[in-house]
Every structure is written in C-alpha cells, then in structure tokens.
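Okay, got some structures for you below.
The same chain A turns up in both complexes below, where it pairs with chain B and then with chain C.
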Partner chain A sequence: MIVLLDIVTTAAILFVVASGLLAIFGVLKIINFAHGAWLTLGGYCAVVTTALGLNPWTALPLAFVAGALLGAITEMVIVRPLYRRPLDAILATWGLGIVIGQLITLWFGRDVQFTPNLLSGTVDLFGASYSIYRLFTIAAALIIGCAFAFLLEGTRLGLSTRAVIMNETLARALGIDVARVRLITFMIGTGLTGLAGVLLTPLTSVDPNMGVGWLIGAFMLVMVAGSSFAALAFACLIFGGAQVMVSTFVSPILGGITVAVLCALVLRVSPKGFSRG
Partner chain B sequence: MAERRPSSFNFRALILAGLAVLALLLVLFGPMFLDRFTLNVLTRSMIYAMLAITVDLLWGFTGVLTFGQAAFFGIGAYAAAMILTHMGASPGLIALAFALAIIVPMLVGLVVGWLSFSYKATPLYATVISLVLPIVTTQVVFSGGQWTGSSSGLVGYGTLPFGLVGFFRLAGVCLLVLTVAAWFFVRSDAGKLLVAIRDNEVRCAYLGLNPQRLKIALTTVLAGVAGLAGFLFANSSGVVAPEITGFVFGTELVIWTALGGRGTIIGPVMGTIGIDYLSANLSGELPFLWNLVIGTLFVAMIILLPNGLAALVAKFLPARRGAGAMRLTNLAAAGAQVTAPEEAALLSVKDLGKTYGSLKVLEGLDFDIRPGELVSLVGPNGAGKTSLMRCLSDGTEISSGVVRVAGQEINGRTPNEIVALGVGRKFQVASVFESLAVADCLRLALAARHRPSPVTRESDLALPTAALDILRLTGLDHMLERPVADLSHGLKQSLELAMVVALEPRLILLDEPTAGLTKTERTTIGGILQKLTRELGIAAIVVEHDLDFVRTISSRVVVLHQGRLVLDGTVDAVANSELVKTIYSGGAHG
Partner chain C sequence: MVSRLLLLTLSTALATGALADEAPIKIGIPVGLSGANSVVAPSVVQSAELAVEEINAAGGVLGRKLELEIADDASGAAGAQKAFDALVFQKEVNAIITMETSAARNAGLPIISKGDIPFIYTSFYEGRSCNPNLFVNAWVPEQQVPPVVDHFMKSEKAKKFFLVGSDYAFGRGMLQFSRAYIEKAGGEVVGEEYLPMEGTDWTAIISKLKSSGAEALITSTAGGSPNVTLTKQLRGAGVTLPYGNLAVDEGTAKSMGADAAGIFISASYVTSIDSQANKDFLAAMGKKFAGELRTPNDLSVPQYEGVYLYKAAVEKAGSTDTKAVLAALAEVSFTGPRGPVTMNKQHHAPLTMYLGQVQEDGSVKIAGTFENVDPGEQCPGL
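Let's turn to the complex of A and B:
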C-alpha cells in the first residue's frame, strides 16, 4: 500500500518538476537545458523568504515571479536567436544554467541551505504513517495540471497557443503574434519551474546544484510526452512507478536511472513517444 | 573566388606543417623547462584534447550533438584500471588492459550507435541517448562495489613505468598523431561523407549510401579512440573516479569544442588545452568566477559565433580552396550498361496505395515501365504525384500493394537499398550538399560503389559519360572547386541531376526538374533527358506541370487525379483527351 502511495506521489513530483519544461518544449520546440537552474532558483527563493522571516508559503509566488522575469530576459536574449538551431539552443541554455549556478554560488556560497518544511508531520493511512507533504504534492500536481488545461482550453491566450503548436506559419498568417505567445509561454514555463523548485525544498537539500539531478529525468519525460500534458501525466505515472518499484525491490541506485533508460527505449521503439496513442 | 591558387594552399599547408613541428618540439623538449605542476596539467589537457577531437568529428563535422564521449572515455579508463587493480600490472596484463580499454568502449559504442541511429530517428534522439549513456555508466560505477571502487574510485594500481615526463611525451605524441590523422581524414574524400551527412542526410541515402551505418561505424571507432584516451588517463593520473564517466564532463567536452571552433580540428585541440590549463591555474584563486566567465563566453559564442574562435582565426588565413586542379575523366562503363531484355518491365506497380491515417493519397495504382521510356506524370496539385515518387524510391512509404524494380520487390526497403537496385531520384527542390565543392558532391555520388580514400582527396574525378555531358552543357565542368552554396538555383538543379545520373541508374525519378528554370535551362534539361532515355535505355518518370515540355520530351503520359490513375497513353492521346482538359484545366492551354 505504501508502495502505491510512493508511486503516486513520485509521479506527482515528477509531473510538477517536468511541467515547466514541457510547456516550453510543447510550444517553442526548444529544450530549456537551464531547467535545473530554475529549480535551484526556486529553492533559493525559499531560502530568501526564510532569511527575511516571511511565511514559507510566500516563497511560492516569489519564485514564480522571479522565474518568469528571468525567463523573459532569457527568451529575448538567448532563445530568440536560436529558434532555427534547436541543438544550439540546448547548449546555450546549458551554458546559462552554468552561469546561474555560479551566480547563486557567488551570492550564497556552495553550502547546503536549510528551509523550514511547508507542511510537516505524518498522517495515518492504511495502518501506516505517511508524510503529509508527499500527499500534498499530489494536490499540487493536480492544481498545475488543471491550471494548464484551463489556460489552454479556456482562454484566448490558450487558443493562440494551440494554434502556434499546430501550425506556426498559419498562426502567423492569421495575425497571431507568435513572438508574444512564445515569450509568455517561456515565462509561464520558467515561472512554473521556479515554483516547482520551492515545492522540492522539503524533499531535497538546497544547494547550487540541486536542479541538475532533476534535469535529465524531466528532459526524458518531456521527450516521451511530446507536447501533451495528459501524456506527461501518463508518462510520470508509468516511469515514476517503475522507478519506485526498482528502487524498492532491486536497488536504489538502479532506480535512479530507471526513468532515463525506459524513456530512451520507448523512444527507440516509437519516436513520437506517448503523444500519439 | 573559384580561381585556383596553388600558392595560397601551400602557404596554408606550410603554416600547419610548421605548427605540427613546433608542437612536436614542445612535446619533446617541454619537460626541460616546464615545472611539475604544468607538466601534470598539460598531460591531462592533451588527453582531454583527444576527446575533444572525437566530439568535434561527431558534432562539428557530422552534426550529431553528443555528450556521450565522456562515458566511452570513462569505460576505457575503468577497464584499464580494473585490470591493473584486480589482476596486476605485469607487461602481459598491461597489454590486456590496453586492448580492453579500446575494445570494451567500441562494443558499447556499437550498441549505442545501433540504438541512436535508426531510419527515421530524429537527430535529437541521438543526443538523448548520448545523455543517458554517461548517466547509466556513472550509476554502474557507483553500484560496482569494490570492483569499481564505487564513489571513491580506484587508486594505487600499477601503471606503465613512464613517470611524469614520459607520460607528458606519450600524451603529446598521441595527441599529435590523432590531430594529424583527423586533419587528413576530414580533408579526404571519405571525410567529406561526414559533412555530407550533416548537410543533407536524405541526399546521402538517395545516393545509395547508408548514413545510419556510417554514423554507427563512426560512433564505434570514436568510442575506441575515447577508450584509448581513457587508458592513457588511467595510467598517467594513477586514479579513476566516477566523475570522468559522467554527463557533466561530457558537457564540458562540448563546451571546449564549441569555444575552440567546431568543424575544425585545430580549434577544439587549442580550445581544450587552453581552457583546461587556464582552469587549473585560475580556479584555485577564483573558482566560481572562472566558471562564470567560461559559461558566459560559451553562451555568447553559441549565439554570436557558432563556429568558435577558429572561425575568427580562419578569416585571417588565405582561402582554403584551390587544392590543385581537379581533372574530369571518363568512367569506364560499369555494370549499369547491362540492360534488361527490352520487353521486361523495369518497374512494375501493382495495386499501390498510400494512406496518412484515414486519408487516402494513392489508391489502386497499376502500371509498368520499360527501359527507354520517358513517362511524364501529370495531374493537378494534390493528385498524389509526389507521394507516388516517394513510394517508388522509399519502400517504407508504401501502405499497400506491391512495387517491383527489375523483378525485386521494394516494399519496406530504405532508399539506399532501392538506389542499389538502380533507381535514382531528383527532388523538386535541389537536394545537394551546400557546404561542399561541386567536385565533392559528384564524387559522393560514386561513393557507394567506389570506396572513397580516407587519406587523400583524389585529383581525378571519373564520371560516366552522361554525367560529364550534363556538366559540359551547363558549364559546371569549369566550376568544380566552387562551393555549392555559391551556385545559382538552375546550376544546383543541374548539379543534382548530374549526381543522380552519375549513379548510373536504370530508372530515374524527377520531381519537377524544370520548376523555376529559364527557357534555355529547360531546353537543356529536356535534351539531356531525351538522350538518357533514347540512347542509354534508361527509363525516366518526370513529374511535370508544363504541358508543352511534357509534349516535347515524353514517350508516354500518365495522369493522376485524386490519388487514382485516370489515363495512361501516348502524348497525343492524353493531350487531346476531354477528361484531362476538365480535371487539369489550369495547365491545359494547348
């Protein structure tokens, strides 16, 4: 039973971490390899709010705003010249990740920082105690998923975005401001990643390299999911589940590479991953 | 610009030869005036530079962005260190360690290559695999217990008895040999294949080459080179740690290559040695600032100067082209002249269908084509003409029915296999290799049958008569050393046609060969086509909108409409048909 809960919460955490990357890849067809740096940025937003003595929850909006602002600058300066060179965009954003990581190190030092838990304690479920915070991540994943569904299906921006995803040339011809859609998408994606960074703080330690470990897993999941949030949720459940099973029953070290290896194999068999059935 | 300037070439070659001698002297006499720290650092930097060359051959030349070379390096280093730690360091065992350090990475490279490069796999997928490989390797090292030393690595094993100075010279000589070998290779005819794959992989396949197999071979060989570098590293440093197998080290290799200049050989070598040496000296004093500077430079370089520092330097060197005169000669007619019996169908299409999901693009097509026929394929936009051409040249596109070329079923076969059966395809938009010279493009057309030299660039270019005719008619024979990117639209079309004809095909597929050409160019192409079919017995299928052109050249016309074959007959029968006038009113002005 605990394993089942572990699977669902692991999938929820993976979904939270990968959704910002997916939003950007789905619309811009660009892989933001500085994704890990935004997670770190979010983590340090939690550190800053703690240092200022604010309620730990205020880190969430702070991280979203900081992530989105930095994302806006990044899109305009670094990503915009590279839309036609997607492999170079991977490299340039990786370089940006190094820069952000070093700036954080210069400012805060390279030591591990501690942040107060957003929700502490455990709850008794099925005869065993389980961390309340891990359960909360399920809610967080659902909220993010629903928010995206609403943004895409229920707003004018979402309509333009879907048009850009389907046929960018036609969207441009119809007078949709593609550059604006890209900028806003990038800001939402990076803002969300900053938010995910805050949500990670109770689960991992905060240090200048905290994001890098999550990058590959998120990247692989997004490759499999294509541009669909439903596919991402599905991929998180399947591969997150496999990860928990391997970690629990085989070896935690092998568990760490389960997601990457399985995603690579899925992509070998079906290059489009889960995005088409 | 296409003027041949042997003197400038000699000057450039002289500079590089001078550099090589200087490097050799530095390597041999450097230990006399360099201190221990510098020797240590430079030994490591030179080993890393060998890796940068492998990254550059894959990424800079072939266009495959890889983070995986670190893993091959790590596997080689660990293979050597594990033999030396657990079995001992007798001369025989050192030889074994040496062999395994190369063989094991090559085997892994073979598997990785097979995984990364399948027909229709995206370029991003190879990058994805190259990310997974170092991560898996690192985890395997971590979980190896005492075999791999887990997180603390292996240390204190016996090594080659060379000492600091000996290893410095060994690494230097290895790097120099690799640099010179790579330098000659990328300038050789075989080396042009790498750039051809980067420029236009589809065209490579349609020249009968197998780009997937070439990339797998390249990955395997370069994994072996990385393993050799790993062997040197394990011996000279006396320690192996999990970091050297990892993804982060893999990205560092890419950064050094990018800063030095991808697509050159000297650039990444200089970049790696320079940055690694400076890192070792500066990172002690300003560790974070140094990485910050490198990161910032890297981002700026990727955006503003994608070809790195070497591109800046190259601007001040004389132009590279003009390596002696290229001579055209006549290729002795090969097997292609053996034509099938006249009455046998060269191409036979039975009940061919093509669907995209629920959309039927082609349905129930039946026709035969015999040697020497010049068949025009006409029909309004969306009739399925290009889809038909695709099905005839790429068997994986066929949804239903059977297509046979010279009696052999092509269903499920990839383009390069179909080219081997004698089918050449010319695309609608000229599909050539933009960064190569005209002569190199033509030689690549021969590469599937005449193995190109991996060491030199031959000065004789032997082409079939028909291809020579095209070159002479269009004046391309005087532009052999000109970069393809500088050619006009019409000349690119002619070059592609010459490349396809150089394949000595029995059936040639042409998708709108005259689109966007001038009247004169059109007449030239029409004359060439007629000569090919009537005199050489080649069969041709031409997709064409210009009915006047169709009328002059064709021996037969096939009309497609909404994915079905509606008419198949002589030029006059089709041109006078009421049916054609109604469905094809836009083009029927005769």
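Let's turn to the complex of A and C:
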C-alpha cells in the first residue's frame, strides 16, 4: 500500500515540476533549459518570504508572479528571435539558466537556505503513517492539471492557443495575435515553474543548484508527453511508478536513472511518445 | 688585500645568512575557495590567519615570522595539482597545512613527495592515506562512528540499525565501517541504502526504513544539499527514530531549523566545548573577524591547531629541515580548542570525540564526551 502511495505522490511531484516546461514546449516548441533556474527562483521566493516574516504560503503567489515577470522579460529579449531556431533556443536558455544560478549565488551565497515547511506531520493511512505534505502534492498536481484543462478548453486564450499549436500561419491569418499568445504562454509556463519551486522546498534543500537535478527528468517526461497535459500525467504515473518500483525492489541508485532511461526507450520505439498529435 | 676580500666575502655570507634566518617561514594553504568546499573554506583560512597572527605577535617561530600562501584548488583533483605545484615549486613554501577533499589530497600527495616538504592534513576523511610526509590531525571513521553507535545501543537500547548514504567513497566507507562496528558490538543492520550524490528523491528508501523495524538510523550523505534533502524528507515522513548523522556539521544543522532537532552528531569540535582554550579561541576569533566571522567548525579548528603543531615541530627540530620536522611532528603536542592533540599514531592523532545533539534552536548540546579515541591501524607501514 505504501508503495502505491509512493508511486502516486512521486508522479504528482514530477507532474508539478514538469508542467511549466510542458506549457512552453507544447505551445512554443521551445525547450526551456532554464527550467531548473526557475525552480530555484521559486525556492528562493520561499526564502525571501521567510526572511520577511510572511506566512510561508504567500511564497506561492509571489513565486508565480516573479517567475512570470522574469519569463516575460526572457521571452521578449532572448526567446522571441529564436522561435525558428529551436536548437539555438536550447543553448540560449541553458546559458540563461547558468546566469540566473550565478546571480542567485551572488545574492544569497552558496549556502543551503532554510525555509519553513508548508505542511508538516503525518496522517495514518492503511495502517501506516504517511507524510501529509506528500499527499498534498497530489491535490496540487490535480489543481494545476484542472486549471490547465480549463484554460485551454474553456477560455478565449485557450482557443487562440490551440489554434497556434495546430497551425500557426493560419492562426495569424485569422487575426490571432500570435506574439501575445506566445508571451502569455511563456509567462504562464515560467510562473508555474516558480510555483513548483516553492512546492519543492519542503522536499529538497534550497540552494543555487536545487533545480538542476529535476531538469533532465522533467525534460524527458515532456519529450514523451508532447503537448498534452493528459499525456504528461500518464507519463508521470508510468515512469514515476517505475522509478519507485525500481528503487524499492532493485536499487535506489538505478531508480534515479529510471525515468531518463525509460523515456529514451519509449522515444526510440515511438518518436511521438504518448501524444497522439 | 686577500684578508680584506676574505672579510668582505665572510661578511656578505653572514649578512645573507642573517637575512635567510629572518626570512619568513611560509605555510601553503591550497583550499577549495571555489567549488564544493567554498562554503567551509573561508572559515579554514580565517582560523589559519588567527594562528599566524598570534604566533607572530608572540615572536614567531625560531625568531622568524610565519607567512601564509593561500591558493584556490577549486575543491577538486585538477585544481589541487596546480595549487600544490604553484605553492611547492614557485612559492617554495616550507610546509602545506590544509583541509581538502580526498580527491584533491590524493592529487597533491605526489607533488608533496617530489618537493619533499611536510603536509599536515586537517580534514576528517575516510582514513588510510599514508605517506611519509603526511600527518593528519583530524578524525577517521574509527573515531567518529563508535560514539554514535555506543550511545544508541546503551542509552536508546537500539539493536537494529538502518544505514543510509550518498553513493561515493566517503559515504560508503563510513557506512561500511559502521556496519562492521555495529555487528561486532552485537547489533544488527536491517538495511543499507544509497542514492547518487545528485539524487533528490529518498521516497523509496524512507518507505523501506519505515517498514524495516529499525530502532536507530545512521546516515552518511555528502554534505550540504543531499543531507538537508534527506533530513527534510525523513521529517516529512514522520521518522522519529534515534538519528545519527555522520555528515552534518553545526552550521548546516543550524540552517536546517526545526528539522534538525534531535539529530546526533559526532565531532572532534563543537563550539560549546567547555574549556578555557576554546573560550579564548572563540573570543579571539570574534575579536579579529567581528562581522566577517565564519563560525569555527570541525574543519577550521584542526587547521588552527595544525599551524601550532607545525610551530612546535619546527621549534623541536630547531630548523625547517623536512626530515627533522617530520620526526618532530610525530612527537609534539598542542592543546587547543579541541584539547590535547598529538599525531603519534601512525601519523594520525588520538582525539577527544564529542557526541552532540542538535537542539530546537539549532545549538548543539554535548550529550557525551569520549576521551582519547584511538584512530586504530591507519598506516601500519609508517
């Protein structure tokens, strides 16, 4: 039973971490390799709210806003000229990630920072105690997933976005402001990633490299998921589940590379991954 | 004329001789000012600076001043080769005294042998690094692990231990020794698990720990981030077992806040050691560095004492001659903040070890003192 909970919560955490990357990749076909830096940025928003003596939960909106604003600047200055050169965009965002990491180091130092837990304690489930916060991540993943589904399916912006995904030239011909859709999508993606950074703080140490470890896993999952949030959720469950199973029954060292290896295998067999598009 | 020339030569020789005697004794410190060790390196440099200042104020060593030459080794092997090479052959230092990663130490040792100067290593490490020029005044697993295991078995009545570590030489070495020691003492190891150093997800290991029936937990992760991540996830999962952390230092414990409360640490130095030497040392550090002060720790204090041990050895040898100093290093003793230290056990030192428990406010309370813990058979060939 505990293994099942481990699987679902691990999948939820992976989903939260990867969703911002997926939002950007799905619409813009740009791989944001500065994703790890935005996670770190979110973590440091939690550090800042702690230093200001605010309620730890206020870090969530703060990280979303900070991530989105920085994302807006990045989109306008760095990413915008590179939509037709996705490989250059990888290099540019990778470099940006290094720059952000160094700026954070300059400002806050290399040391591990302290942030209070959002939720602490355990709850008894199926005869064993389980971390409340890990259970909460399931709710967080569901909220993010549902919010995206609503945004894409139920709003004008979502309609324009889907039009841009399907046929950008046609969308532009129909009078859709493609540049604006891109900007907003990028901001939502980076804002969400900042938010994910805050959600990670109770699980990892907050230091200038905190996001780096999550980048490759998130990247592989998004490659498999394509542009669909449902596919991402599915991929997180399958690969997160495999990671937990391998860690539990074989070796945690192999568990750490399970997601990357399985995603690579899936992409080898089916280049489109799990997406039908 | 001949006699005048002779006199002139003689006086020149005397003058240079006198000059050579007054030239400072140079101590090289290759240290990780950048890279993984950069968190701790400034505190190491500070304590060396205090030692040199104190010694020079009291007249130096054999009438000569001490001088520090500091080089960044970037916390790794490649940087260490450059740093050692520059210090030994360009700066021509008389001795190297420093803490470094094991990789950096191993990279530097051949250069030490080639340049043939004394090397005092001031960092705790996995043990069994043997070289005629190398002396170690910090702890090895044989000294750090027993206080934790003994305490858990006696005071907490724990028999079943679970071991968790980062997958690298130091992490595995420490836990390998822990396992052997626990089994020898009549305990049982019910689980031993590792995660790569950059791993962030301890979920499966924690679930195994919880279902293993373990009565005590000992961890040896890489310092800093993996340690904090593991502790956060352990606390999040509600693990309240007696928890000995072989990789946490006082400073990290403080930054972990409430999550660190209750953790047992084992060290040869904690700031709360109740001795006059420690109080004087802390006061002097506070006075010299004020707002810039990095909290003295289990890596920086051996550095301070290392400089004094070298001073004692040079004074006993009567010169900085390598052979004489090396012979003296095995005999001289210095009583510093950690208590008396003599590197007389196969180039290693018996040490007083402190078992500390982290309190709610991040301070470390001494829960047990273990005097004169022997480093065991480190270098039987020396």
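By our rule, the second predicted complex is superposed on the first by the 276 of 277 C-alpha atoms of A that agree within 3 Å, B and C clash if a C-alpha of one lies under 4 Å from a C-alpha of the other, contacts with A are read in each partner's own complex, and residues count from 1 in each chain.
Here is the rule we go by: a residue touches a chain if its C-beta (ideal position, glycine included) is under 8 Å from a C-beta of that chain, and two chains touch if they have at least 3 such contacts.
Fair warning: this is a prediction, and the values are worked out from it, not measured in the lab.
After overlaying the two complexes on the shared chain, residue contacts for A:Thr122 are found with chain C alone; chain B is out of touch. In the superposition on chain A, A:Leu157 makes contact with neither chain B nor chain C.
By the document's definition of touching, both partners, chain B and chain C, reach A:Ile253. Applying the stated contact rule after C-alpha superposition, one finds that A:Leu103 touches chain B and leaves chain C untouched. In the superposition on chain A, A:Ile2 makes contact with chain C only, not with chain B.
In the superposition on chain A, contact is made by A:Met210 with chain C only, not with chain B. Look at A:Val112: by the touch rule set out above, it reaches chain C but stays clear of chain B. When both complexes are overlaid on chain A, the residue A:Val48 reaches neither chain B nor chain C.
Contacts of chain A with chain B, set against its contacts with chain C after fitting on chain A, overlap at residues 110, 212, 253, 256. Contact residues on chain B toward chain A in their complex (touch as defined above): 65, 115, 118, 120-125, 127-129, 131-132, 135-136, 139, 142-143, 247-248, 251, 254-255, 258, 288-289, 291-292, 294-296, 298-299, 302-303, 306.
The touching residues of chain C, counted against chain A in their complex, run 38-39, 167, 193-196, 198-205, 207-208, 210-211, 224-229, 232-233, 235-238, 252, 255-259.
Listed in rising order, the residues of chain A touching chain B in the complex are 31, 78, 81-82, 85-88, 90-92, 94-99, 102-103, 105-106, 110, 212, 216, 219-220, 223, 251, 253-254, 256-257, 260-261, 263-264, 267-268, 271. Residues of chain A that touch chain C in their complex: 2-3, 6, 9-10, 110-114, 116-117, 120-122, 128-131, 133-134, 202-205, 207, 209-210, 212-214, 243-244, 247-248, 252-253, 255-256.
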